[in-house]
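In the two complexes below, chain A is the common chain; its partner is chain B in one and chain C in the other.
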Partner chain A sequence: MKKAETMTVSTFAAAKGRHAPARGLVTFRSSALQVILLSVVLLAATFLGREHSYVMNIVAYTFLFAGLATAWNIIGGFGGQFSLMHAVFFAIGGYTAMNLFKLGVNPWIALVPAMALAAGFAVIVSWPLFRLRGKFFGIATLAVAEMMLVLANYFKGLTGGSQGMSVPLKPGLQNMIFLDRFHYALLMLGYATVVLLIAAYVYRSRLGYFLQAVRDEQDAARSVGISITKVKLTGMALSAALTAAGGVLFAMYLRFVDPPTLLSITDIGVRFLLIALIGGIGTLFGPLIGALLIVPLEFTLRAYLADVVPGSHLIVLGGSLILCALFLKRGVVGLALDLMNRRKEASHG
Partner chain B sequence: MADMLLNVEGVTKRFGGLTAVNGVTLEMRKGDLVSLIGPNGAGKTTLFNLITGQLTVTQGRVRFKGQDVTARSPEERARLGFGRTFQIAKTLTSMTTLENALVGAYHRHHDTRKAAERAMNCLEQVGLGRRAGVRAGLLTLSERRRLEIARALALGPDILMLDEVMAGLNPTEVDDIIHLIRALHAGGLTLLVIEHNLKVVRALGHRVMVVDFGTRIAEGDPETVLSDPRVIEAYLGKKYA
Partner chain C sequence: MSAALEVRNVTAGYGQVTVLRDVTLRVDPGEVVAVVGANGAGKSTLLGVISGLIAPVEGQVHFDGQDATRLSAHERPGRGLVLVPEGGRLFPFMTVEENLRLGGFSKKEVSAERLAEMFELFPILAERRNQLAGKLSGGERQMCAVARAIMSRPKLLMLDEPSVGLSPLMVSNVFELVKGLAERVGLSIILVEQNVGEALEISDRAYVIEQGRITRDGRSDDLRSDSRIRAAYMGM
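Let's turn to the complex of A and B:
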């Protein structure tokens, strides 16, 4: 390694006319391949448990939240904008699906307006908020989420108010309604896979590198011609659209939504961030790993601890979050990457 | 006038009561190489920031390629052809060395593979080719300085502005950078270089501009300027003048 530090005239000469390979750059292809492989493994694992309805419920939630946290990570992780308003995009998806279902539009088609609405809303709301930096941005997004929770209760025509909305059990693929939870698990796995592929593409593209540059050093980003606001808005819109798609799926899984289910700060809004944080913010697979660890753990804790000491599962989760924030800044995946790098460095001498 | 690239017209910057840059004028033609010198705190970095748009002027104008860019943002100016480094390196620490140069190279190629090739060539130019895959946060100070140059070069700017890129480099590295600057200049690039080391200024030759207390106190070829009593006074104190 030391050798590389002293620059020689010969390196200048060598640079001329040589076809430089893209060392130090991970391609989308290799990331996409990893996503596909992981999905196949998860698919096989899902098949193994298909008989157990209780397990399939946990699996469906795990994959859904893997996709949602991965969507959050596009702006939250790559772009470093700690949004706490993603529950709003999620709710836009849920309510759009429910309302359109009543009008006879199936949820597959509802995905399109749901994603467009969420992206549009995200751009309009984020525009002024992006003037704020760091924790102030986070606090402002939290305020937006709180406000939307109040509004959702108020606008009964669109949301059913606190009574909520439900759709009848009309099973069928076109209705996205299944009797077997195994099918929902597959649907959610499909969602997580698509979101991961999109995130992988973004991560290894111009937008992804610009988002990371904006996160790392705004002045440096601007000095190479990057429009900070445009990049952040693009990342936010994409992230919001993918979150809304998850909201559509979630609504069709529950077939019932009310403001707390879709807009709860602790159960929804903070959860995306929490999963990404524990798995590894800003890494491609962090949110997936985080969901695989957290969601089943949470179900188990709730099942066993909630009867003994009510709310104790939240204490355990909160505790693990604090531990992660203190000791694993880049989450489980970040730790794994660091260990791998250290081994590589060691083997290179 | 056709080959006039940069006109800095009497720019002034005040920070509250402090006038950091005071009515400085500078003209650069395409292909010029100008060294900007002056004691610490003279206002060199501030002048850079006014030219590239990181700071807005209190008074005066900046024209580039015939356009008035005084009100333009730094990103707009970068797209127009300003490339710069920062005195305190602004490394994108969580990205690899190659990715740092890549964000500059995207200005030239939308396609990632092509942009990466360009970025790699720029890294090779500053001798960082072998560090391409390393996380930039792990680079040494001298490597970060050179990475600043590579990122700015990747933009393919019309003017490259270097803010004390040789500070903290060892003599071999300094020679290499001088070599690089000469090569870029020979290739037709316009350069504005802030430099503390007078030996480097002499080695670069060409035009020198001296600022002190925010004011331009001398401009001309290195021999004349560096023997000007006012310049010696600014650098060494009154008794030497």
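Let's turn to the complex of A and C:
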């Protein structure tokens, strides 16, 4: 209990444990516990399906995108900055892993430069872009993503151009290459868990409060002394670094990358945002729930519908997105929270 | 005694539009100064300049004996210059307590006891402590905004139209509070208001601002009995 106190309170280094956390308040410890419990449940479920290679592929993708959407949510959800350029950070991760692998550096070590590069790039690019607010920021990031797609095709030395790059099948934990998809599913679950824990910590940290303050009331945030630019840049750098880590894992899973795989606006860049949107933007577990719903749905639709009428799975998917945007503004998790609150209020009379 | 705040010959506006012209005013330590005027006279722009949200085209803002004109907005609360924006501008998805804590973060060492003090000063906020700020009533919101602002023990508090959207009873409550704060906590207050009658009642001195220029200033009591001001702003 003592520790829980210091956790919440240390979010504002100010208080020295004199005030217990308010009852009912979400603390880092309680969310961390939830993250770990959820991960254990997901781990058990993954074990059950380990024999089915097709299922394990879906599971691996689901966990990877859960982690990626959670990473996006740090700046996009907590901070309200609708970045459409996260595919670029993802690609930085992927290409860094591929290039270093060729030089004999294993992908675990490649995580470090990949994350650092993405964070650095994020800061340099976002600095001018953060002068724009709301949708104008979104449009500008979209332009960055498009530009990088063109550049990735052009700089063949680094990216292999449109032919792409691949790494040989050298199985081994140190190479992050496995013969069994089950192991990839575990790897991706580990990634999602780590990202969720970091997001849970950020959510209840100073940075998390500052991001939310900046999102909701920019001028008020400045008038209590928050440096808007610094907060946004920190959130963006962290989000970018975590996205790049996902890019490393993705590259080692496919062992082949080309510009459309890493930088496609519709398949990658917008997907982080859509998963978070459906699950619940700005909530801790929204992106995870969104990924659990959307990724398997998409695979299933593609498997069953795409054969009947080509492209029809996209129509169904698009339709459900529109419905969510219209009727579930705070996503599935937001809806659940609202219902819970309503019940609580009703029971209090 | 040197002034807590001095605004010297400030001209400011938005883009091509000049809103304030050559405005000069001062607030002494412990003083409540009202800036009154009609809608669009430039009152909020003036607070924007003092709080650093708007950079003046000309002129200076001196605070606590130092030139603060070039300080950016987020550096000013740390120096003791805090704005309560119009409508309170609370962080709606945070609880009352979280709002208050954010208000105090620029002065780390004071926050803990300060929070307890705030709950003593505003019992209603203690009751609402764990409620989302977005769900507060208008009056509570304004109280919470004031409490958030004084969490960091400012030297000068800027209030932008605290009476907007409040019932007449609530308006007197809030003003009562402002006056009490100035006396009890000993801070200077600059109060921007359209509600001229009430503002003149609780302030020590006042400036009248018309179309971006200061046209009158003096002791609030004198201005209150001035027939032209009564006719123009108080409907008498």
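Everything below uses one rule, namely that the second predicted complex is superposed on the first by the 326 of 349 C-alpha atoms of A that agree within 3 Å, B and C clash if a C-alpha of one lies under 4 Å from a C-alpha of the other, contacts with A are read in each partner's own complex, and residues count from 1 in each chain.
Keep in mind that, in the parts below, a contact is a pair of C-beta atoms (placed from the backbone, for glycine too) under 8 Å apart; a residue touches a chain by one contact, two chains touch by 3 or more.
The structure presented is a predicted model; accordingly, all values stated were derived computationally and were not measured.
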Of chain C and chain B, partner touching more chain A residues: B
First, second, both or neither for A:205, with chain B first and chain C second: first
Touched partner set for A:168, first chain B, second chain C, both or neither: neither
Partner chain(s) touched by A:104 [first = chain B, second = chain C, both, neither]: neither
Chain B versus chain C as contact partner of A:157, first or second or both or neither: neither
Contacts of A:310 with chain B and chain C, given as first, second, both or neither: neither
Contact residues of chain A, present in both the chain B and the chain C interface: 12, 14-15, 18-19, 22-25, 206, 209-210, 212-213, 216-217, 219-228
Touching residues on chain C, where the partner in the complex is chain A: 51-53, 72-78, 82-85, 89-95, 97-98, 101-106, 108-113, 115-116, 129-130, 148-149, 152
Chain A residues touching chain C - in the complex, by the definition given at the top: 12-16, 18-19, 22-25, 206, 209-210, 212-213, 216-217, 219-228
Parts of chain B lying in touch with chain A, wherever the complex brings them together: 52, 54, 73-76, 78-79, 83-84, 86, 90-99, 102-104, 106-107, 110, 112-113, 115-117, 120-121, 124-135, 140, 142-143, 146, 151-152, 154-155, 172-173, 176, 179-180, 183
Residue numbers on chain A that touch chain B, as the complex places them: 3-9, 11-12, 14-15, 18-25, 204-206, 209-210, 212-213, 215-217, 219-228, 282, 341
